[in-house]
Structure formats: C-alpha cells, structure tokens
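Look for chain A in each of the two complexes below; its partner is chain B in the first and chain C in the second.
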Partner chain A sequence: MFNGSGTLSRSLAVLVALFILIPMLLVAVMSFGQGSSLRFPPQAYTLESYAAYFKSRSWTIPTLNSFVIGALSAILALAVTTPAAFAFTLYDFRGKRLIRLLVMMPLMVPFIVMALAYFFFFGQIGLLNTMAGVIIAHACLAIPIVFLIQSASLKGFDWTLVRASQACGAGAFTTFRRICLPILRPSFLVAGLFAFISSFDETVVALFISGRAASTLPRRMFESVRQESDPIVAVVSTLLFGAVAAVALVVALRQRRAARPANR
Partner chain B sequence: MTETDASFLRLDAIVKRYPGTTAPAVDGISVDIRRGEFVSLLGPSGSGKTTTLMMIAGFELPSEGRILLDGRDIVGLPPHRRNFGMVFQNYALFPHMTVTQNVAYPLELRKIAAAEVRTTVGRYLEMVGLSGLAGRRPAELSGGQQQRVALARALVFSPPVVLMDEPLGALDKNLREQLQVEIKELQKSLGITLIYVTHDQSEAMTMSDRIAVFNHGRIDQIAPPDRIYRRPATRFVGEFVGDSNMIEGRAIAGQAGLADSPLGRITCADGTSALASGQPVLVMIRPELVRLSAGPAPQNGAQLVVSRITNYGDRVLVEGIGPNDTPLRLRVSAREAEGCRPGARIQVAWDPEDVHVLPRSA
Partner chain C sequence: MATSRMYAEDNFKASRQFWHGAIRAARPWILLLPVLTVIIVLFLVPLLGILRLSIQGEDGYSLASYATFFTDSFHLAVLGRTLGVALIVTLGCLILGYPVAYVAARYAGGLGTALLLIVTMSFWTSFLARTYAWMVILGSQGLISNLARALGFEPPQILFTGLASNIGMIHIMLPFMVLALFAVMQRIDRTLLRASEGLGATRFQTFRRVFLPLSVPGMINGCAMVYIVCLGFYVTPELLGGPRDQLIARQIGSQIEQLLDWREAATMAAVLLAVTLVIYAVYDFFFGLDRLWRS
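Up next is the complex of A and B:
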C-alpha cells in the first residue's frame, strides 16, 4: 500500500536524519580545529584539542566522576528496584497503587524542582558537593525507568519455572540465583544501562549539588561553554557521540543475531 | 501388603477455601493411595482436582485436614522439602539450561557427586528416548520432546511420589496417546506412586489403577476404571465418563433387580435389591451395550422410532424415541446400522448385566 510512496518516505527519512546529524557533525568537525576557541569552519585540522583533553585533569576527573557516579547510581537503583518490582508483580497489598505512584514520581516532577529539593535537603545533612549525594540523587531519578523495565520483564516471566525449581528441591534463594536471575539478567542489564545513561546525561541536578569536588562531565561542559568557549567541549561531545553510536551498533547487531533462528 | 503400603499417601478430610469465595474449592476430600499406585484425579475445570494436586505438592496450604506420607503429616513442609517429582502442563523447562542441565538440576541440589549425576542423567535420558538431544536447549525441542525432558527431570531423583498436572494437555492426539503408553510403562517399571490430574476421561481410563472423579470440590467416586465405567456411583460420574442413557424410574418392592421405567419393566443384575419400594432411581445403559434385535424383547428391550443417525466412522450413533417419549441412544457398527433411517421403527435389546441402577438423589 505504501509502495508508491517508497521514494518519498525514504527521502523524508534521510532529511530528518540529516537534520539530527548535522549539528553533531559540525561539532565533530570543530573538535579537530586548531586554536583556543571554537570556530566553524576551522582554519586547520589537528588533534591538539584531543591531546589537551586527555592531559587536562580539569577534564579527566569530571569524566571519571561521571563514570563512577553513573555506575554506582545504576547499581543502587537496581538494588532498590529489584525487590520492589518482584513485590509489585507477585503480590497484592494495601496501598499498591499509591506506592506505584510514589515510585514513578521522579518521572513526573520537573528536574529543576527535584534539584532544588536536593540542594536544600542535602545541604542540611551534609551531602551537598559530595559524590555520595550525586549518586543517591541520580539513583532516585533512575528508579522509574529501572522499575518499568524490570516490571515488564517480570510480567513476561514464566512463574511456573519457580514452582518447577521448588519441586526439584530448590529453596527460594537457590531458585532466585539459579533460575530467575539467569533468565532475567539481560533485561536487568538493560535497565542498569538505562540508569547509567540517565545519570551520565543528567545536568540540572548535577549543576545544583555536585560542586567542584564531585563535578560531573555535563557540569564541566556547561561551565566550559559559559566561561571559556574551549574547543575541548567539542572533543568531549564527539567522543560521547562516538561511544553512543558504538553501543547502539553493538545492540543492533546482537538483536539481529538473536532474531536469526537458532542453529540446529 | 503392610498397612503403610495400603495408605502410603493419605489425604485426610482436606478442605480448601479461598478468601472472598463462598463455596470451598475443595470440600472435604479423603483418599488413601497405595505405594506404586497410579491414581488419576479426573473432573471438569473448577472441580478442585488441580487445587488438590497443588496441596499435595505444597504450593497451596489446605484450610483444614492433613496430608500424611508414610504416616507423617507433611502439611507444614515447604514444596522443596517434600521430595516429590512434578510435571506441569506447559513443561516448565529451564530455558537457559540444556536438556542435560535440566535433568541434572534436582541431583545437583541434592549434592550428588558429578560422576554419579552424569551416569544417572544419562540413564534417565535414555529411558525417555532423548539420549541424542542431551546438548540442546528446550527452545530447540518439540513439545513432545520437551515433556519427555520434564518427565526425566521429575523422575531422576527417584521421588517417592510423582505429581502430574495435565502433562499431555498441550500435545496433539497421536503424540498424547504415545506418551500415555510411555508414562504408564515408566510408572510400572519404576514402581512409582503417581498422581495424575486430567480432564480427559479416556486418558484416565487407559492409564489409571484407580480414578477419583471430582465434582464441585468433592470426590463422587474413587474406583478402578472398569468399575467407574460400569458401575458409576452418581449420575455425574456416569455422564462425565463415557456416553450414557439415563432413564428415570422407580424401584419395585420385594422384586430384587426390577425397576419400573417409561420403557417398561427393566431387569438389572445389581443395585435395586438394596432400594426401598417406590424409591426414585436412575437406570443407566451405555449406548454401546444396546444392540439392534430381530424380534421384540418384552423386558430387556424396547421399540424405538429412529430420530437421528450420526456416523463416526468406526461406530454409528443411532438416536431414537421409545415408549412415553423416552429418548434412547445406541452405538452400533456401520454394517448393523445399514437398515436404519430416520423415521424407521427398530427393535433394540440389552443384557440385564449391562444395566446399572443408582439412586436418583445422587
């Protein structure tokens, strides 16, 4: 039915892709430019900004911070959400709907409101400008998405397997470790990856509460653009873009492999 | 036979109520199951048979009553401590494990040495005919093969009791019949005590030592298949198992083996002598035990007007109307049914030994 408009829809898709990609490509081109400020088009092409990025502690430390905060907040979010997702899937209890609403709250409250709340609250309990503070805040922000992904995978889980495992002689903990976890692991990893990305990408809350000591990469980039117009920002953007593209490629390839029928 | 053999597994007045429901799902069930016996729990959906099985397995707790294994109450034991093998309708194989790993799982949990696990698993896979597929994953197997793996997994640790919850329900007819034979042979050769839930009466008939017929949370009758079929205790059993003619009648006083019915006086070989005169009864005659006869049969027969003929290939079902508008069905061979046309008058007869009488209240 859409055969006749094949060319049209394909050109439209290419246009949209270009519209999204061109700003990224501009930044990528600028990252190879010479000089101490951002300019397009660059007068000459070098890798000196890349060298500067990897040499500058004011950039590598926020990068490392972002990785640590992303990883630990993802682990924290998974640790909190996994029991909750199991409980919501398996049991009916009083106040279930209200508690589900509370779990999903970070998705609905504007980030700026959350950021202000963390700013005042963490200030009072001494978590302001600390890694721990940012990790806790980012874990909270990631809870809804992690909870949604885990709930979906638990809903598709065949609970007879738990009974089968028990009938084989396994207690609750062994059943979880040897049956539930291996089957659910891929989707739990995806949930963790989403938590990591949401933390890595998060700027507003980080601006308010991360301070100098726990400065994240997005915060550092924001400061750089405002104060220095440093070409290293373009380097970081290009590296991030490359990393995301690589991850997307790996995921796409794995999905294609999974979609192929199993070899007999 | 010792006493514990006669009641190896005993259900003692089991009741199961679910909160928010009025009628109990299981309403006072008592059964004694012998060691090595094959007992089917047969009944329509919602009759309590699966709930009963789940209480034996330990996945549901009875609201009242005891479950005794070898004289010991096991109600307080969690499922993984009961040491019962279990086979589910949807196979419930662990998808991330190979066939071998699935079957080895119960042995590993029992801390059995790797070498012994390997030989035992090999032996059981051979028993269910899957030696060649040991390295496959469940997703790479057909339904019948998957259920064979589940069978091996349930038997591999030599459990004292094996429970099966409609294990063949998802398979097509030919495969089902083949596996019925295989399960029955495994059960006999290994001497397994097997409790088998099914709603398929022919499956229960062909496999069981005894059948417990469930009706609204109670057991209407528990007896060997032949007895269930020929001498059902209640109208429900007679109608659920096999096809039947049920004719309402009355017992006749002092005349053992006689009942009045709209078809006239019917003689039967058992049952009526214990009944009081005039007591309402049901006279049951299986359609395949009614035959076409040449001449009139005054007591053990009737004259019918044929109303419908249905050819099933192996047998033909003839439906007719007898005296006093009483419908009667008979199953005969296609050759015997040749002369029958709708509207034709036919003479039918039966043997008094094939007539069963039961109280109408039941």
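Up next is the complex of A and C:
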C-alpha cells in the first residue's frame, strides 16, 4: 500500500550511502596501487607502499607524535575538566551560565582562528613547533567534549551511593576512588577516547603550530597530498579507515551479543 | 567574666560557622579552578591576543584595519563567497542527508542499521583521508576523467575548482547532518504516524503533514552545525579548491604561511569569529545552545 514512496526513499538513501562509502573504498584500492597517488585505476598492484610507510621515518615519526600528543592531551583535558563537571552537577553557584559558556568556547571558535591565535601566542612564549605546544592546544580544544560527556554521565549518577559511602565512614577521597571512579569508568574511557580522537584527527591547528619538529600525522598527510604524489598517503588513509571499520565491527558484534538474551 | 567567656565561645562558634560556610561556598570554585585557569590562560588569552593584534596600529589602537576590510571589495567578496559556499554545502548536506536519516529512523532492521554503520564509519574516518579520496576521484588522472576518456570525450577540469571543494565539503559534513537529523527523527512518536495512516492518509501525506514538521528541529540543528563548521573550513577547500575561489579561512591560512600581514590576518580572523558567534547567538536566542550540544 505504501510501496511507492517507501521504495523511493530507500533507493535514495542507498544512493547517498554509496556516495559516502565509495570514496573510502577507493582509497583502499589506491593503497595497493603502484606509482602516482592520484592516478585511478592504478597500473599495477603491490604491497610496496605499505612496506615504504613502515620503513619511512618521515611517516613513522609523525604517527608516533600523533599518538603521544593525543594521549597526553586527552589525559590533560580529563584531569582539568572532570572536577568542573562535578561542580556543575553538585552545586549551584553564581555565574554558572557564563562559566559554562566559557568552558564550551573552544567548540565554538573556528579552528583556523585558533590556529592563528596559537601561532602568535606560542611564538611569543617559545612553544611554537614543540610537542608541548600542540599538546596544550589540543587539550584546550578537547575540554568541551570531555565536559559534555562527563556532565551527561554524572547527571545519571546515583548520589545516594556517595552519601551511603560517607555514612559508612569513608572520606571524600576514598569515596571518589572506591565508588565514583568504578561507576564512572565507562564515561572516563569514552571521554578520553573522544578527546584522543579529536586530537589525532585535528589538522588545522597542528598544521600551523607543530612545525617539522613535532609534526603530526594529519600535518604529514596534508603536506604529502599538497606537494608530492606520494602513494603512502593512501596507505595511511586506508589504515585509519581500517581501524575505524574494525572498531565499528567489534561494537556491532558486541551490541548483537548484548541484544540476544533479550530476544529469547 | 562568665558573660565574656560565653561571648568568646559564641564568637568562636560564629567564626567556625562562617569558615564552614565559606568553605562550602568555595567548594565549586575549587573544583572549577583547574579548568578556568587552563581556559583563561591557554585559550582566552591567545584568542584575545588576536583581537588586540587587529586593533594595534603604529600609533596606538585604532579600528583602521576593520575599515580597510569592510571597504575593500576583494575582502568583501571573500566574505560573501564564504557565506555563500557554506549555504550551498549546508543545503547539499540537508538534501542528501534527509533520505538517509529518514530510512535509518523508519526501517530499524537491516537497511537502517547498515546505513547508520556507513555514516558512523565515515564520521570517524580522518577527513584528510576523505579529502584525498576526492582528489583521486576528480583529478585529471582520476576516476571520473579516465571514465570520461573511456567513453570518448575530453573530461573537464574539476579538481582545483570551487565545485570540487564543495563536493568534498558536502561529503565530509554529511555524517554530521545525518546524525543530527537521526537524533531527532528517532524520538518521533511512532503512534502519531500510525494514527495518521489509520485516519486514511497516504504514506506521502503522513510524511509531509506529520513526520516532516516533527523533524524540523533536527534540520535546524544539523544546518546550524554544518553551516558554522563550513565558515571556518580550511583543509578541504585548500586541497580541492582553485586559486580563484578563496574562502576566508584560506586567506587566514595563507597569511600565516607566508608571514605576511599579521594585522590583516588578525582582522579576518576576528570577522570570522564575529560571524560565527552571531550565528550561535541567534541560535541561542531561539532554541537555546544546550540543544545544539546535546546531540
């Protein structure tokens, strides 16, 4: 009875899904190709580019830098933001709205504006082209993400558990360590992961402030795409896409496993 | 004697109460101190540095650079193009994203799940990787050109034009739009749709009179998010776009790269920031910013 429009919407959706998917699959094909990184289809297929990626220090060092910067900026963002998320759920205080806006600011300001701001600021205090500079910048940019995730999870937190713990004689620190932390662990992990990925994927700020010394993977990819026709960029893109696909697969399988008992 | 001791005790109690009260009042601020320090010293100070730079003349502060910006036809054209391109990309994302979100929300089974999976995977995939993919597709040695040659006609130049940059931006922003739409569509009450169909409406009528109006909040959220990100988009237009289709973010970027005019770069950044914040303020006035961030 509803066949007409149902088929139409579904075929449209499938077409758009192909538009989303095909470019990513194309890159995977490119990564096995030989020769120029911009010719499609490639003339021959090899694994040479993969070997070249793992052998080339100009690629492995930025990769390592990105992991280190991502991890440290995520930890920094978690450490400074989590107490604020507690303050926002536990207390009412003057200027709450304004401070919330301040904490969310890094999400609102365009990255290119911050790139210019940090380029100038770090130039003055001598942190330009250093790992520390990129870590600080990325930690600031991750604060709103961590704040949103942590406050959302704290909203559902059962504070009677804290009162119960304190009634049993536990101090604030013990309560935090033995009660809050285990219950909130998933939220810590998710917030940390999001902060890590936002840093790992961040290109614009890193492009201008990381320099050669602290070059991140996106910066290396950007330069590679702009200047050379280096097939390694296809390898890196494929590895990144492969990592996402693997995580998606694991999550999907887990959800299915979790859903199964409910179906029975 | 006794009264004075009592007095002292009272005093002591009062002061203890005062201190307890003070500590209680200070507690949120102790928790807020780290984040406020970091945001103010390492985010706000650099940002305000830009604003100061933009008004710093040779002799004291002046708004001369803004006057130059808003009277220079080249800069105005760049600003206008930036606003226009962001609008095109936003509408493109809405048109392409709506059917995907609709089907994902209404057909929860296999197809819906598969669509969501593809969209989420694209969302998480490095956007540099996706930009590079479009260079392969649109380049003069790429998929489309070689396809055109195989069909026997000379391919037009697509890469390094505004079109290529728009396609790339739509591809990158599409997942944001779909997820924003889906978040709202998912919560639409199914019984309303069934009621509409039960009252004899066709599926199209149900869509147009019930589903579409209820999905408007998602459209607003998605469009606001995509539009704002597009205004400051640097990487994709820089890699896919042509030299003639300058956007404001690229202008700022090339000023940094070539270390040309600090003041001009800072002025452009301030204008871009102002436009962005105005859009946020308008959104906040009508809908409240909390709603934008919840998704």
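The rule is simple: the second predicted complex is superposed on the first by the 235 of 264 C-alpha atoms of A that agree within 3 Å, B and C clash if a C-alpha of one lies under 4 Å from a C-alpha of the other, contacts with A are read in each partner's own complex, and residues count from 1 in each chain.
What we mean here is this: contacts are C-beta pairs under 8 Å (C-beta built on N, C-alpha and C of every residue); 3 or more make two chains touch, one makes a residue touch a chain.
On a predicted model such as this, the values are computed, not experimentally measured, just so you know.
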Overlay on chain A: chain C relative to chain B, clash or fit: fit
Touching partner for A:Pro83 - first (chain B), second (chain C), both, neither: second
Which superposed partner A:Asp158 touches (first chain B, second chain C, both, neither): first
Which superposed partner A:Phe241 touches (first chain B, second chain C, both, neither): second
First (chain B), second (chain C), both or neither touched by A:Ala191: neither
Three-chain overlay, vertex chain A: chain B-chain C angle, C-alpha, nearest 10 degrees: 90
Touched partner set for A:Pro106, first chain B, second chain C, both or neither: second
Contacts of A:Phe120 with chain B and chain C, given as first, second, both or neither: second
Superposition-derived comparison: chain B or chain C, residues of chain A touched: C
Partner chain(s) touched by A:Ile69 [first = chain B, second = chain C, both, neither]: neither
Contacts of A:Pro41 with chain B and chain C, given as first, second, both or neither: second
Minimum Cα separation, chain C to chain B, after superposition on A (Å): 9
Residues of chain A at both interfaces, chain B in one complex, chain C in the other: none
Chain A partner contacts - residues on chain B that touch it in the complex: 57-59, 78-80, 83-86, 88, 90, 92-96, 105-106, 109-110, 137, 139-140, 150, 153-154, 157, 163
Residue numbers on chain A that touch chain C, as the complex places them: 1-2, 4-6, 9-10, 12-14, 16-17, 19-21, 23-24, 26-27, 30, 36-41, 79-81, 83-84, 86-87, 90-91, 93, 99, 101-122, 136-137, 139-140, 143-144, 147-148, 197, 201, 203-204, 207-208, 218, 221-222, 225-226, 233-234, 236-238, 240-241, 244-245, 247-248, 252
Complex contact set, residues of chain C against chain A: 25, 27-32, 34-40, 42-47, 49-50, 53, 96-97, 99-100, 102-104, 106-107, 111, 113-115, 117-122, 124-137, 139, 141-143, 146, 171, 174-175, 197, 202-204, 207, 228, 231-232, 234-235, 238-239, 249, 252-253, 255-257, 262, 265-266, 269, 272-273, 276-277, 280, 289, 293
Contacting residues of chain A [partner chain B, same complex]: 158, 160-161, 163-171, 174, 178-179, 182-183, 262, 264
